[in-house]
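Below is one structure. I have some questions about it.
Chains: A, B, C, D and E, in written order; residue numbering restarts at 1 for each.
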Amino acid sequence: MIPKISFRNVSKSFPLKGGDFLALDRVDLDIADREFVTVVGPSGCGKSTLMSMAAGLTEPGTGDILLDGAPVAGPGPDRGVIFQQYALFPWLSVRKNVEFGLKLMNLPPDERKRRAEHAIELVGLSDFADALPKTLSGGMKQRCAIARAYAVDPQVLLMDEPFGALDALTRVQLQDQLLDTWSRERRTVMFITHDVDEAVYLANRVVVMAARPGRIHRVIDVDLPYPRTEEVRLSPEFSRIRNEVWHSVYHQAPAA
Amino acid sequence: MIPKISFRNVSKSFPLKGGDFLALDRVDLDIADREFVTVVGPSGCGKSTLMSMAAGLTEPGTGDILLDGAPVAGPGPDRGVIFQQYALFPWLSVRKNVEFGLKLMNLPPDERKRRAEHAIELVGLSDFADALPKTLSGGMKQRCAIARAYAVDPQVLLMDEPFGALDALTRVQLQDQLLDTWSRERRTVMFITHDVDEAVYLANRVVVMAARPGRIHRVIDVDLPYPRTEEVRLSPEFSRIRNEVWHSVYHQAPAA
Amino acid sequence: MTAATVTEPSASPRRRRPRPGRTVVLNVAAVIAGLAVWTGLSVSGITGLTGPVEVVRRGAELIADGTLVTDVLASLRRVFTGFVLGTVLAIPVGFLMGWYATARALIEPYVQFFRTIPPLAIIPLAILLMGIGETPKVFVIFLAAFLSSVVSTFQGVLDVDRTLINAARVLGASDRTIFMKVVVPASTPFIIVGMRIGLGAAWGTLVAAELIAAQEGLGYRMQQAQLYYDLPTIFVGLISIGVLGLVMDRLLLLAERRLTGWQERR
Amino acid sequence: MTAATVTEPSASPRRRRPRPGRTVVLNVAAVIAGLAVWTGLSVSGITGLTGPVEVVRRGAELIADGTLVTDVLASLRRVFTGFVLGTVLAIPVGFLMGWYATARALIEPYVQFFRTIPPLAIIPLAILLMGIGETPKVFVIFLAAFLSSVVSTFQGVLDVDRTLINAARVLGASDRTIFMKVVVPASTPFIIVGMRIGLGAAWGTLVAAELIAAQEGLGYRMQQAQLYYDLPTIFVGLISIGVLGLVMDRLLLLAERRLTGWQERR
Amino acid sequence: GSSDSGGGAAEPKKVRFGYIADFSGAAVLAAADKQGLWAKNGLEPELKVFTNGPLQIQALGAGDLDFGYIGSGATWLAASGKAKIVAPNMLGQADRVITYPGSGISSIADLKGKKIGVPEGTSGDMILELALKEAGLSGKDVQKVNMDASTVVTAFSGKQVDAAAIWYPLIDTIKKNVPDLVELTKSEDFYPRLSFPSSFVARNEIVTEDADTVSKVLKVLQQGNDWVAANTTEAEALTATFLKAPAEQFKGSSAVTKILPTSELKGLMADGSVSGWYKGLADLFVTMGKLTESPDPATYITTDLYTAAAGG
């Protein structure tokens, strides 16, 4: 089967004073349709850069990025993106931010309204639906960005540390919601996190990246049953995988 | 003894369409000199607002905020602040950002350079000392903001989710560094986090806040010995306090 | 609550948000000071400077015989038309220049070139191509407004936060949508600056525009007065232009405040 | 690496960063098209429009007898002085207005008022107060540059991200430091817009300024030519002004690019 | 009144007429308006006010105007073929070379080396040049400072020049500040050798293609002119009303203009005096560099039409 997203020998370097900085070095990764892949790795190892290329916002230096087997040609509403820095439209209220993508889909107003309400409720911002971003707390901004991406209901979700600014309870709730939607509607998800527990809890596979240069260090399968529950989280198998991921993130051999 | 920072019956509301929104409701809190207080609470409960008032950047609606017994009159270099949104100067390199506060102290250039280098090294950005913020990853930006606050070496540190964007290993390193500095030089720290483990691991006392309206729900003493080590983290007492905090954050009775 | 506010320690020593009442008082104070300086200068024997009293008298006369109203209406119509056309056109042109390198390379030399050319010098050409009716007058004003504001709009487009554009693109926005829904709101501060400067340019060009066989208008009246060195009338004209410009500027600012309420501001 | 780049799929369909070579080609194409239209108009029998050939001939004459060089130097000196003074003053004044409500309330009415007043109208006053030497000429240009760019600088100050100011304040920065180290760099895009518009205004006011007893200069030469209905000379003047303005504008942009490299840009 | 209109057609002919809103530019039109001369001659005027002559010449060239009025300073535009002069108007005698009392300058010769404010290319400039020439000086012996007319007023009032070549009514304004200013020379000193006629001009095409209309317009102008010549004081007031200007605006204007009745003008045309004035002007323009040669006035003045209209 053709993978949903496929990185083929992708490298990327950025110009820096005194030579190029190699941010990604020959990355090869296939993400299957309906797969949930999480990406972990030390700060600055190129996670965001990788995702941005899948989104079609950054061009790879060399190598190919394929979507359903065809080269990625720019961004599109088939791939929903949650940015690490939220990127809310500051002049629009929470509701209008969430409706932005829906308007572009030419949905009937009723349907649009319904879907926006639903997404806003999902992230617990109903009371702030008419607030402007500048009046939101950090976690609330992040939730608004999540709602905006959820609302358009894209085939592929590219999420860059989407729950990073949330308190533990909200985080768990959103994790479970995400898993629930994903398993019901079978989206493809690429999810960046720095929380190893989260990475294991959510994923089919955990991609462990290494820094200097940014590259894929290991890919670890998570053979835990869905739905993932508190029980799964407490299982010895979970601990084992969790430790394996932790170990491979933090006790990497230096780059070859 | 006069507390270092003292919130006396502080309330704050923001104007909102259709009436005021009460963000903080009668907060009373004393933070002693050389105390390490962490603040946890659900997203939007007013943690950042509280800190911003201690920093002198937001005026309380009613009530008083005292610093060493005197009303806070604006911000000052005696209180170092790490903002939730980093607030780096985008036109300055990492090094220049870190030196910004040092220049205002009229240090001799040598000393300034030394202290900046030290702070940058502490957060692991030495290789990127001359990079501009736009070329940094999310976690690197956050570390730069940390270095900037550390460099001026203030009596009081006000930190708003300072390690939120960091991977687990970097985070642990920075936690230990922070504790190390704090215990050696005895600063006063107010530290906001959404990570209950982190809150307990670092603090003398954990302030648990509740939302709607934002208020202090409980203050939990952490009677664990310093230095805190991996051993402390694994102790049953740690688990107990951790669970108590977790419980009081997430199973709060509705507001009176 | 209000009582408590009074006793609150002044946590922030400066309050930069002006209290509206105070602003008005200071505005008025500034104007009075200006009038005082003016009176002082005119009394102190600087030759050729008319004092306020004389100007007010002349103003009253011009109002009484209806001239001022006619002139104001005529000039206002020209300035308003030229200004609106100029600034409205500047927004898409600024966008094209900021967005498409090709458009920029083609348009920019002309924008830059004509920007530095005095409006007086455009008049002969305008007459040749457009005659002596209203068209060339409005055109000269239009050009001044357009050329001033296009620079600002263009810079605004360049300046739009890239992450916002990316956010719109991943939601499936076309260039047109990005322009209307992201670039325009995000560059509102620049567009407003452009419009304000454009407004100044439009009024500033009025006198030149009304050289083109105008039959009435403030600029025309001032030129006539200049023939006779009728200083009071010139001053009445200047003050009318200044006040009308000020009023239109305030209206623009009001509009801006409604449009950019989303910004974090001091 | 370069070879690989050629075969890479075009992930982003539009490349908005202009390739410098292409820009120049398009610039030149635009200019040639403009010249063609001009020639077309002048040949098509529109009376009174001089064609490029005649203008070039006249230009050569004026260069040959040294007039053009003298005029250019004289005008350049005036414009440059006025422009530099005007824009440099606009930065602190814009800051004062943006920062202190009191300063704003006091200054703003005047800035707005004088902005809409045509420079021609300032001349009598300038002569009265400053005589007929270089001072009033430079002053008129200064005023035009100042009034255009202060609006932009002021808006830039208002627009500075509050979090950056807070960051500086908690590091102990005084207002002066905040101004120099935060507000100025953060509002560079606005300041540059202000300077570019100010530059246009400065050149645009040149003709008016050189009405004040100028003995040489491009504006003076054009007025003379207008008396004599000497269109080729007027065109030589216009083109010289346009080209000089364009060159100065390019230099400003170069400066800007060095100053705002930190920005994320399309 | 169709009594005078040749064809007897009820439809009056529209003419677009430009003028300048000063006494010599508007007095005749005010009279024509007051006395219904336009209708009487089967014309319907569309009057357009301008601030200067060259703009009108340009409008004539662009076909936006049929007739216009120019001061003597713009005569060279007609001489260079841009328009035809259909009628001389009043003779300007308003120009003066002035200085301050007690400045030590009592004659033109004393101007040597002094700073003189003058709007270049105007009748004031011409008077100055002529006066200097007669005093045995040239433009190079004095410091001529070119400035526009209103600048001269300000600069002279502010004592920033030693002398100025300027005209009434601007001198009236100056007198408010320098009441006892000294007039070193005046236009009349050069009459009739040199005169500064203002003129009515017509679009070249209308002269060649529609002489009939030109004649009708000339009749209006001649009749208006005769009335003004006969009733100067009344004309001053009438002009002010016509231009909606304060009555005092034009008081005394006729004192600095020479208004010649049509009959006299006709005579001066016949004996070549009129051509002489224009020739003299054109010669001056040549010395000033505005014209490369001084063409025969017959090429740009339609004497025949004027005489015919006056005679009819």
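What we mean here is this: a residue touches a chain if its C-beta (ideal position, glycine included) is under 8 Å from a C-beta of that chain, and two chains touch if they have at least 3 such contacts.
Predicted model only: the values in this text are computed from it and were never measured.
In summary, the chains found to touch both subunit D and subunit E are C. The chains in contact with subunit C and with subunit E alike are D.
The fewest steps needed to get from subunit A to subunit E, moving only between touching chains, is 2.
Summarising the inter-chain layout, the chain whose CA centre lies farthest from the centre of subunit B is E. Each chain gets one centre point, the mean of its Cα atoms, and the points for subunit B and subunit D are 47 Å apart.
Centre-to-centre, using mean CA coordinates, subunit B is 84 Å away from subunit E.
Touching of two or more other chains is recorded for residues 56-57, 74, 85 of subunit B.
Within subunit D, the positions touching two or more other chains are listed as 47-48, 124, 128, 163, 263-264. Looking at subunit E, residues 58, 62, 150, 154, 158 sit in touch with two or more other chains.
Against subunit B, in their complex, subunit A makes its touches with residues 14, 16-17, 40-44, 47-48, 84-85, 130-131, 135-140, 143, 160-161, 164-171, 194-196, 246, 249-250. Touching subunit E in their complex are the following residues of subunit D: 47-48, 123-124, 127-128, 131-132, 211-215, 220, 223-224, 226-229. By the touch rule above, subunit B contacts subunit D in their complex via residues 55-57, 74-77, 79-81, 83, 85, 87-92, 100-101, 104-105, 132-134, 148, 152.
Against subunit D, the residues of subunit E that register as touching in their complex are 54, 57-58, 61-62, 76-77, 80, 82, 117, 120-121, 145-148, 150-151, 154-155, 158, 160-161, 289-290. Interface residues of subunit C facing subunit A in the complex, by the touch rule stated above, are 163-164, 166-173, 177, 181-182, 185-186, 188, 260-264.
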